[in-house]
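We call the chains A, B, C, D, E and F, going by the order they appear; numbering starts again at 1 in every chain.
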Amino acid sequence: MTSPAVYRFPVPPLAEMPDDIRSRIEGVQEKSGFVPNVFLALAARPDEFRAFFAYHDALMEKDSGLSKAEREMIVVATSAANQCQYCVVAHGAILRIRAKNPLIADQIATNYRKADITPRQRAMLDFAMKVSREAETVGDSDFDALKTHGFTDDDIWDITAVAAFFALSNRMANVTAMRPNDEFYLMGRLPKA
Amino acid sequence: MTSPAVYRFPVPPLAEMPDDIRSRIEGVQEKSGFVPNVFLALAARPDEFRAFFAYHDALMEKDSGLSKAEREMIVVATSAANQCQYCVVAHGAILRIRAKNPLIADQIATNYRKADITPRQRAMLDFAMKVSREAETVGDSDFDALKTHGFTDDDIWDITAVAAFFALSNRMANVTAMRPNDEFYLMGRLPKA
Amino acid sequence: MTSPAVYRFPVPPLAEMPDDIRSRIEGVQEKSGFVPNVFLALAARPDEFRAFFAYHDALMEKDSGLSKAEREMIVVATSAANQCQYCVVAHGAILRIRAKNPLIADQIATNYRKADITPRQRAMLDFAMKVSREAETVGDSDFDALKTHGFTDDDIWDITAVAAFFALSNRMANVTAMRPNDEFYLMGRLPKA
Amino acid sequence: MTSPAVYRFPVPPLAEMPDDIRSRIEGVQEKSGFVPNVFLALAARPDEFRAFFAYHDALMEKDSGLSKAEREMIVVATSAANQCQYCVVAHGAILRIRAKNPLIADQIATNYRKADITPRQRAMLDFAMKVSREAETVGDSDFDALKTHGFTDDDIWDITAVAAFFALSNRMANVTAMRPNDEFYLMGRLPKA
Amino acid sequence: MTSPAVYRFPVPPLAEMPDDIRSRIEGVQEKSGFVPNVFLALAARPDEFRAFFAYHDALMEKDSGLSKAEREMIVVATSAANQCQYCVVAHGAILRIRAKNPLIADQIATNYRKADITPRQRAMLDFAMKVSREAETVGDSDFDALKTHGFTDDDIWDITAVAAFFALSNRMANVTAMRPNDEFYLMGRLPKA
Amino acid sequence: MTSPAVYRFPVPPLAEMPDDIRSRIEGVQEKSGFVPNVFLALAARPDEFRAFFAYHDALMEKDSGLSKAEREMIVVATSAANQCQYCVVAHGAILRIRAKNPLIADQIATNYRKADITPRQRAMLDFAMKVSREAETVGDSDFDALKTHGFTDDDIWDITAVAAFFALSNRMANVTAMRPNDEFYLMGRLPKA
């Protein structure tokens, strides 16, 4: 299911995984046509796998004042700053699909200040980058700036939590040398036939 | 249970929390005599609360090649670099208790290179700091350095995962302005009577 | 030929450009099917245009101990560090074509340490990044490291000069808000029919 | 009086110290019940010892528009940024005593922006940190900000001089590996009986 | 014409240089009484030599809203930040001559914020330093700040282009270990007899 | 004796200074022909003045394993990194005189790695810069590197203390906006008649 060079740590055979984990992986395989390597990389640690994806889903799949595309923008911008190849490539693909925009992921990954986004989204990413890079300096004026763009306290929590979760994810991916699946690179770049 | 100034986001009344969360909080209260504010801060988001503590327990409570005190050393060192007041003060207390050493937490928080630790622990913290501050540069030579000190691949995963999890935790605490409970400051500093 | 929002500074009409510049632009249009915005952005300053492209061609088009793909690797890696959207997107396209590899540009742009490159290319990019980010610290040991990989003095000059030229180019593109043409994003990602 | 492992450089025997230095050390011993290691560390260099403590006393003991507790806040905040274990632990103790607040030192050492201090003290520490970390950028707007909080020119000199003196002190302590005495860790943490 | 220790790469004999390059070098020798080492350093690469000096002259010799002295201020300030010995020493000399001010170059090289310059020149150097050190963050507010000082779009291009060109030049000089000629150190420091 | 624009804080009239301070200033005036502004800047605070110059003389005037020129090299290199105009210009002059070398100060101020110094002096400055910029990371390997060049423990203390003292001095000069006297710029640049 993956080459032995995929990451620094061994992947357990599918047959040896706990049922719930194997089942989630088979579901993703069926839906997407391939298994994103993050599922394989974390399967060696079932408890961490479960917590990781529970956290991920709680942030990325639920209803929110931020659209799903906006949440992916946060992932791509902060993961690029952390030089996380897996997250930039994989979530770049998801962002292109969710935003229905084939250019947006590369724009945000290289310099989000020059991307085709709204001023509200720019303010969101400025804050997310501050959370990701120097959260210790976040203060009242940062909250005020977001509120002038109409963000609620719940939205601000969401921006924070997405940036914080991928601070974790980027570090796991970089140290384990998690490799983005080849499939991600082209996803969302071509017009639907 | 806490003053309204404890953090930037409101804490739901205990009575309105889902049963499993209220129950965990009551258990901690009973065992520790107070409720660490992180439980209250995250209770507003039940799904995130559950994932956060599941992840935490999977890393910090299980058996590992790293002692519990060593895992707390990683928390204190990386949280100090991230200027996370909650995590340094709260986990500093836990570290003093687990290491049975009233000086170790302050030593590690200010400059872990000068703390009373073994060369193996120094190598562990050097790696953890690299994961926390510049994971994108971690490479083979870092793994090799750890292995000369006898760390296994599983140990290296544990160091990485603890540093990565608190990268998340530090950012949540800094943005929500989570306040360490007063009780933590003195814990583990006095000889057991 | 371009939207008025392409960059901060106005582009002169093609008819008002000096003959040699208009002629070069028409040649590129004919060959590529579009005019990369860097040609339009710099056309307002004919003398700078001529010097810029003369320098570019002297480095990127000539024979060298570095392949053309390798020189583009240097452009992509250093431009990503400088967050230059134009250069990462445009030269990413050229790199994919020259390397006949649809994945390589995104890999190098996000974290060249994890790209599918040879150890020799890794050493080349380590040096190029040092030239780009902290040339003041380059010393004998950096030259020695390159020589163990077989690089000659002429090759080292080439690595240096490419990194230095794009230090200039990245700054011009970032300040003028030069926009990568839409055409670049997909180039070199699909198998030749 | 101290273990041979206290610091990198040897401490002269008390009997061999010049009279004025031995006398000062004996006075401190009598008053505090122990000799803070900084006195021993510097005793090897009598002229530097005398200048150091003359400077220290001129700044920390005199009357000033800043309270003694406020001056210790500056010491703790800037020494934490410089990762100076000796100064954070020793002056943290003095701060707790002078401020009659058992929590304040740990709060300021980990993230002074979240400490229980007044807005005026926050402005004082913002300035002190700028002096400590990037004095070359201090300009008129920094002076203006302090004056809106009522600081006089003399107060601003005092903030500057304390931050500057501990820039010296932190470097000496870090290089000599000066060890905070065990006594400091608990001082000021317990209610007076 | 120069010692063999002048730089890391060999200088071709004058007789072997292409006619146009030898002729330019002889012209400089005649006018200045010596050959600045940058001409010798680049002569090994005729095409790069021609492009480099064409670019240099297009920026530094033409008419501009910036005086020639002001353009040299940009060179000295940004080259000092890049720790480029050749450019600080050689262009420091030119700055002293063009500004008819024997102190200005050393002032700007050490801390341009404290130099004897006008507020307009201070704004120019603030912008130039941002271009040199973090061009990726340049945005509308930076342009607005320059316009309040009367800078036109053309002037802003000039500031940008000079800072960008010396970003290239500083990197070439640092890697090739280009040595400033002894003659530069004293030029412009003495009153004209 | 100085213009009112010399620094941010007022200088007391000579007649109002304490006798010992006025006397030292008059002595310097007599010997040098002018009064370096640091004496005037600090005279407003007699106790700090006395401690500052006592410390300075204890480090810079005494016998040492480092020559006086070498100690001035440390001052110039670290003060340049701290962008301290007063110290670079004033001590640059002293360095030229003590080293009898009109070029050395500008070389060291811009990039000490390319200055005409011995490998032993290079090691000394590498260490001094580490003390000045990141003393918290100094460790055994730094001491070992110095010892291979023959530096004794006493020499290492001297390097440390000079770098530490000017960490103080640079901050005072930058915040008070201490201006180097015009006389310093040309001192030591001309051959003795």
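Just a few scattered comments:
To be clear about the criterion, a residue touches a chain if its C-beta (ideal position, glycine included) is under 8 Å from a C-beta of that chain, and two chains touch if they have at least 3 such contacts.
Because the structure is a prediction, the values reported are computed rather than measured.
Listed by label, the chains that touch chain D and also chain F are B, E. Set against the Cα centre of chain C, the chain with the most distant centre is D. A repeat of the D-F interface exists among A-C, B-C or A-B. It is A-B, with more than half of its contact pairs matching by residue number. Separation between the centroids of chain C and chain F, computed from CA atoms only, is 44 Å. For this pair, chain C with chain E, the centres built from the Cα atoms lie 24 Å apart.
Centre-to-centre separation between chain B and chain D, using Cα means, comes to 29 Å. Shared interface positions of chain B, i.e. residues touching 2 or more other chains, are given as 83-84, 111, 136, 174. In terms of which chains touch, the assembly is arranged in some other way, matching none of the line, ring, star or all-to-all patterns.
Inter-chain contacts, as defined above, occur between A-B, A-C, A-D, A-E, B-C, B-D, B-F, C-E, C-F, D-E, D-F, E-F. Chain B meets chain F in the complex at residues 111, 113. Partner chain C is touched in their complex by these residues of chain B: 136-137, 139. Here chain F touches chain D in the complex through residues 8-9, 44-45, 47-48, 50-52, 54-55, 57-59, 62, 82-84, 131-132, 135-136, 138, 143, 153, 156-157, 160-161, 163-165, 167-172, 174-176, going by the rule given at the top. Contact residues on chain E toward chain F in their complex (touch as defined above): 80, 83-85, 88-89, 92, 102-103, 106-107, 109-111, 114, 174, 177, 179, 182, 185-186, 189-190.
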